[in-house]
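What follows is a pair of complexes built around chain A, which joins chain B in one and chain C in the other.
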Partner chain A sequence: MTTSTTTPAGSAIAPRRRRADDVAGLGTVRAGIFVAPALILIGIFLLFPAVWTIWLGMTDYRLTGLQAASPEFVGLDNYVEALTDPSFWNSLWLTLIFVLFSGIIGQTFIGFGLAWSVRNIHGWTKGLIEGLVLAAWVIPASVASFLWLVLLDRRSGTINGLLGTEGTAWLIDHPMQSIIIFNIWVGTAFSMQLFSSALSAVPPSQIESAKMVGASGWQQLRDVIVPNIKGHILTNTLLITLWTFNTFTPYLVTAGGPNGKTEILSVYIYETAIPGGQLGLGAAISLIMLLINLVIALAYVRVSKGRNKR
Partner chain B sequence: MIHHSKRRALTAFAVATAGALVFAGCSGEAPEASEDTGPVTLTITANAIAGGKNAAEADWFQDWVIPEFEAAMEADGKDVTVEFEPQGVDDENYKTKIALDLQSGEGADIIGMDGIWVGEFAEAGYIKPLAEVGGDSVDSWEGWDQIPDAVQSALSFDDERYGVPQGADGRVLYFNKDLFEQAGLPADWQPESWDDVLDAARDLKKLDGVTPIQLNAGTAMGEATTMQGLLPLLVGTGEQVYEDGKWVGDTDGLNDVLDLYKTIYVDEGLGDAVLQQEAAGRDTSFQLFAANQIGILLEGDYFWRSVINPEEGVGTAPMANRDEVVGYTKIPAMKSGSGINDQDFVSMSGGTGRVLNPNSDHPELAWELLAFMNSADAYEARNAGTLAITPRTDVNDEMLAEDPMLTYVSEEVLPITAYRPPLAAYPQVSTALQQASLDVVSGTSVADAASAYADAAKDIVGDDAVSGG
Partner chain C sequence: MTATPVRKVAANATVRHFLARVAFALIMTIVGLLFALPLVWLVLAPFDATPSLSLSWPDWTLDNFARLAENPYALRSIGNSLLLGIGTMIIVVVLGALAAYAMSRIRIPGRDGILYGLLLLSSIVTGTAAMVPTFQIITQLGLINSYAGVILVLAGGILPTVIFILKDFMDSIPKSYEESARLYGAGPFRILRDVVAPIARPGLAFISIWTIVQVWGNFLVPFILLRSPDLQPAAVLMYTFYTESGQADLRLISTFALLFSAPVLIIYFVVNRRYGFRFHGGIKS
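Our next item is the complex of A and B:
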């Protein structure tokens, strides 16, 4: 954004002002041509699918059958159906539990804990620990989920072997707990990295002063560290919330089962639209999910703006 | 309307990206030459993959169909290349994939599919009557005379042929003779009622580390639950899933079926309820049966000729001693004479087949290939890998005698079998039935599960089209 209103108007500096408004000197039309490809791409890949989703969400479009050949406009029926369907609310509830425990509590706290415990270690040990945690993040989700299927397998799983809990079907008896731990395992590296860099930016002088007045570890954390990295905590929490809310990877571990017990919103939409064939209803729920996302994203923008101002 | 605007969007996309180097790779191949001389490429897809699911079929494509057809075409002076696009996934995923392919105007020229999908695919306009796609030579094909009408109907919808059936099958009860011996049960077991099956299961329960009976339930295994669990039981109560214009609802028969599930999985623990909820439950049940850990299993002949087939590279859970250890017997009705048509024994049959893709660039040539794949020679080559009941009576008469199990199915089971209704609503009703069995297995009462199912069925087909309460 260019603002040059403070310059007094005058014939001598008028050309310079034009230059400030149109730095490249292209003129509106030519500049328009330059950005057109980008706008067209945005239109095709962002705008069109969004509008398409809205349209689909108002039809009874299905993957197969008569409604696939000639879908009918049903207005807001899909939204009514979704919002009055207990399984939608169940799915939203499961998503909130999943986000709260795996994202906000799990990844944030464990990520911070890891970053905190390695902050004073230097050299190869730190690299090793960070590398191990990062590996979980870098491994493709499909590979990681396969690994977890093997770990948690009822008959010959590693976990059962280690714990001596032969025959425990973790993914059937404790499905939500399983995908929460899975997601913490997958995603903690981000929080750890973010907090690591945040901690390294805390002025050592403040910590030293705190130590000199005899502050305990806990007091240092509460009165020096947290106030210093408050912004990072907010950013991290909001990003993690958004990612966890949208993630589809748990599907690879439990396929939404057993009996819908891990059918978080992204999985619910997939199950409805693709195997269930109800593309119209699926699109409607997608839009509801998009709106929830928008709220989270707006919160993120607000918070980060507030921080910048400060 | 949707297709229309989608095409417009695609055009916009093409215009927007024309000239952009990044997208040059997508711009397609050079237009193909005329059908008379070639070169022409035809593609086949099926849910089969070498070394995995339906491996024998995949091998047959690669080793026989493709080279033989290409050679035959070359002899005619045509340059034809045939490609096989393998898949090795759950049937439900495969169905989704081909539906999306066909919807977007893509897909292989010849597509393998379950007969029960024909209705909904036809209604969606994804597939067309065979003669409409393949031309005049379709109706005059010699093979139709060899394929019984009942078998042809598996790939028909609204009295039109949409594809060529690939075979007939039937469901039986498999049992492990070794385990039966240990439990003091006869090796020539033939139960006369559900109670007989339960009694045998109770005896098997005394053995250590053995699941007495595994009766497919739940949504995780999709259509396998309906076809290899619920429906064979339902016909044993004298009811059909679709009868006299109505779908089964909260009826006595359905309650009896769900009661049996409850007895097996909840009340007496004769089956492993957890297994039925696992994502890979069906494959695991195959592995466990092959490892002598399951006593009784209701499955189709596919289980015998493909899954536990000891021949190298055929089965996914091969049993070296299959012929000695694995017994098979007809599925009894609930009580003697209580089955449909007052039968003592019942079964369900389905059929898979292959359809032509209406989007094919060379539909007539594709038909030539499809007819070639269904010639007597082709089935003989196919059966050299693993014997299956073919749709052609001429081939069956000659070859089935080699395999007592398939002869049994063809002579004893097919005459008493029942078929699923070739209606577009069936797959949705089937899903609701799977859910009902899952509800019972995971602890819901039979009455609640049955009434929840009936509500779901009414949502799908309307209140008037559902029988019972």
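Our next item is the complex of A and C:
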């Protein structure tokens, strides 16, 4: 189709080339029929919600009552309400802390540390460490959160037993720290695996020559390893940021409590829209979340394109 | 005489190096323990006659599994999870394979752009960011509290990744097979069924397993869209188990947790052994 007018001989060449490509004789129409159902489903449940959020965010839609039957257009009222509500800013701030400490710092550094410490060992220790970390990432979120509720239990939790801090209610006294550590536990596997493969791709000759000139472990890390895996670090950081920003799992541990101290953005939207019934306001906050996602995802695309070109 | 300061510096560096190593090893051991503790409880508590919240060597028994088998809610929820997983899998594999095949064999202008766009979209419109419009759409469609709603939403979210992976797979199938099938007079549907599908079987199997794993662990979508307790999958029931029932029945919950986790753990480790990092790498979200 596209090449048919490019050259004088194009009309003769193009159909043949097309046929050579379309070996099953599918034809454009049938191909369209093959693609359509998937695209329709994606359109309704992925593309449409994104657009619908914009409209919904400008109505006073509620779960019950008069506004449920006939919602009215309220323009930017929801956005004004959200942006002037201290609890929204509080939630955004909590999300920032959560993403920074559990994702960017925690998962990245511990993931790298684990990859680094098992890089030269083989056999069961390596398998055991990687297996444990991977298992934490694989088991369903509901189970993972329950395991942490058990571990941190006030009366007879294992952590209190080990630390000799009987009676400490971690989830009430240190709720944010608790979900940060919980999320590190759940998500570190990705960084560990990514850095493992990155480290194995660093040319050994460079490390050898660094050792020859007497570079210490720290210097090797800074001058040889990090420059080599810079691209991986960036990719890892962006993906982790996106995923941590969008996770709902901390809700299973603290349900946003106590007193909203762990009400990160995803939990805040849920609480506002579904139990709170304010769908319009919830949608307005959703749109803010979608826009932040868009920024992170576009940054990721730029980075990965740049890396592929190299 | 002049050599002493140099040696001293070298000795200091060695000591410091040694201490740094010990500190690093110590930190990593603590981290390793922290990773192990919850998992050890998960594996041991179900076999303990009287499981407690603290970690202890079990008083071995299989009674808990027998008791779980008698609990109608627990078993039903596992069945519900399977139903949701298989339902989503069928939609995703059939629609994904058709779309990926057509995209692989027919030149659509800007095809790669469309694919990347879809993939980007699926990472932006996540379950959490889109929960309000999704809830709204499903309510409008009258699919609230039904499996159809949950399955459609899950399938819509998963499909872009599936098409992306399967198209890669279809691209690698040599076209000569289809050419020769065509020479013998096979039509496109026949070719798809008898030539392409069998060759693409590893890719389709991978997608099927991956989809089931995704749905198996998903909490948010069924949590929002399903209201009746008897429809809820294990991921949601697990959560209500210990919040609504005040006193937690640890024998039941711990056994249920293990039974619910075991399938995905087994699948992941088997597949990981066979396919390596690519599988669990960018994919699980």
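Just so it is clear, the second predicted complex is superposed on the first by the 273 of 310 C-alpha atoms of A that agree within 3 Å, B and C clash if a C-alpha of one lies under 4 Å from a C-alpha of the other, contacts with A are read in each partner's own complex, and residues count from 1 in each chain.
Quick note on the criterion: a contact is a pair of C-beta atoms (placed from the backbone, for glycine too) under 8 Å apart; a residue touches a chain by one contact, two chains touch by 3 or more.
Keep in mind that what you see is a predicted model, and the values were worked out from it rather than measured.
A.B. asks: According to the stated criteria, A:F48 is in contact with first (chain B), second (chain C), both, or neither; which is it?
C.D. replies: Both partners, chain B and chain C.
A.B. asks: One more residue to check, A:A136. First (chain B), second (chain C), both or neither?
C.D. replies: Touch partner of A:A136: chain C, not chain B.
A.B. asks: Counting only touches as set out at the top, which of chain B and chain C does A:I172 meet: first, second, both, neither?
C.D. replies: first
A.B. asks: Looking at the overlay, does A:A69 come into contact with chain B only (first), chain C only (second), both, or neither?
C.D. replies: Touch partner of A:A69: chain B, not chain C.
A.B. asks: In the overlaid three-chain picture, which partner chain does A:Y61 touch, first (chain B) or second (chain C), both, or neither?
C.D. replies: In the superposition, A:Y61 contacts both chain B and chain C.
A.B. asks: By the touch definition at the top of the document, which applies to A:G257: first (chain B), second (chain C), both, or neither?
C.D. replies: first
A.B. asks: Touching A:I274, do we find chain B (first), chain C (second), both, or neither?
C.D. replies: The answer is both, since A:I274 touches chain B and chain C.
A.B. asks: Counting residues of chain A touched by each partner, does chain B or chain C come out ahead?
C.D. replies: C
A.B. asks: Quick one: classify A:W148 as touching chain B (first), chain C (second), both or neither.
C.D. replies: The answer is second: A:W148 touches chain C but not chain B.
A.B. asks: Please work out whether A:V35 is in contact with chain B alone, chain C alone, both, or neither, and reply first, second, both or neither.
C.D. replies: In the superposition, A:V35 touches chain C alone.
A.B. asks: If you lay the two complexes on top of each other, which residues of chain A touch chain B in one and chain C in the other?
C.D. replies: Of chain A, residues 37, 41, 44, 48, 52, 56, 61, 155, 255, 274 contact chain B in one complex and chain C in the other.
A.B. asks: Residues of chain B touching chain A in their complex?
C.D. replies: Chain B residues touching chain A: 1-2, 9, 12-13, 16, 20, 92-93, 96, 99-100, 103, 117, 119-121, 123-126, 218-220, 274, 277-279, 284, 424, 427-428, 431, 438-439, 442.
A.B. asks: What part of chain A is in contact with chain B in the complex they form?
C.D. replies: The touching residues are 37, 40-41, 44, 48, 52, 56, 59, 61-66, 68-71, 154-155, 169, 171-173, 254-255, 257-259, 274-277.
A.B. asks: For chain A, which residues are in contact with chain C within the complex?
C.D. replies: 1-2, 18, 21-28, 30-32, 34-35, 37-39, 41-42, 44-50, 52-53, 56, 61, 110, 113-114, 117, 129, 131-151, 153, 155-159, 161, 181, 185, 188-190, 193-194, 196-197, 216-218, 239, 242-243, 246-249, 252, 255, 265-266, 269-270, 273-274, 279, 282-283, 286, 289-290, 293-294, 297-298, 300-301
A.B. asks: Quick one: which bits of chain C touch chain A in the complex? Just the residue numbers, please.
C.D. replies: So the residues of chain C touching chain A come out as 13, 17, 20, 24-25, 27-28, 31-32, 34-39, 41-42, 52-55, 91, 95-96, 98-99, 101-103, 105-109, 116, 118, 120-137, 152-153, 155-157, 159-160, 163, 175, 178-179, 181-182, 187-188, 191-192, 196, 216-217, 219-220, 224, 234-236, 238-239, 242-243, 253, 257, 260-261, 264-265, 268-269, 272, 277, 280-282, 284-285.
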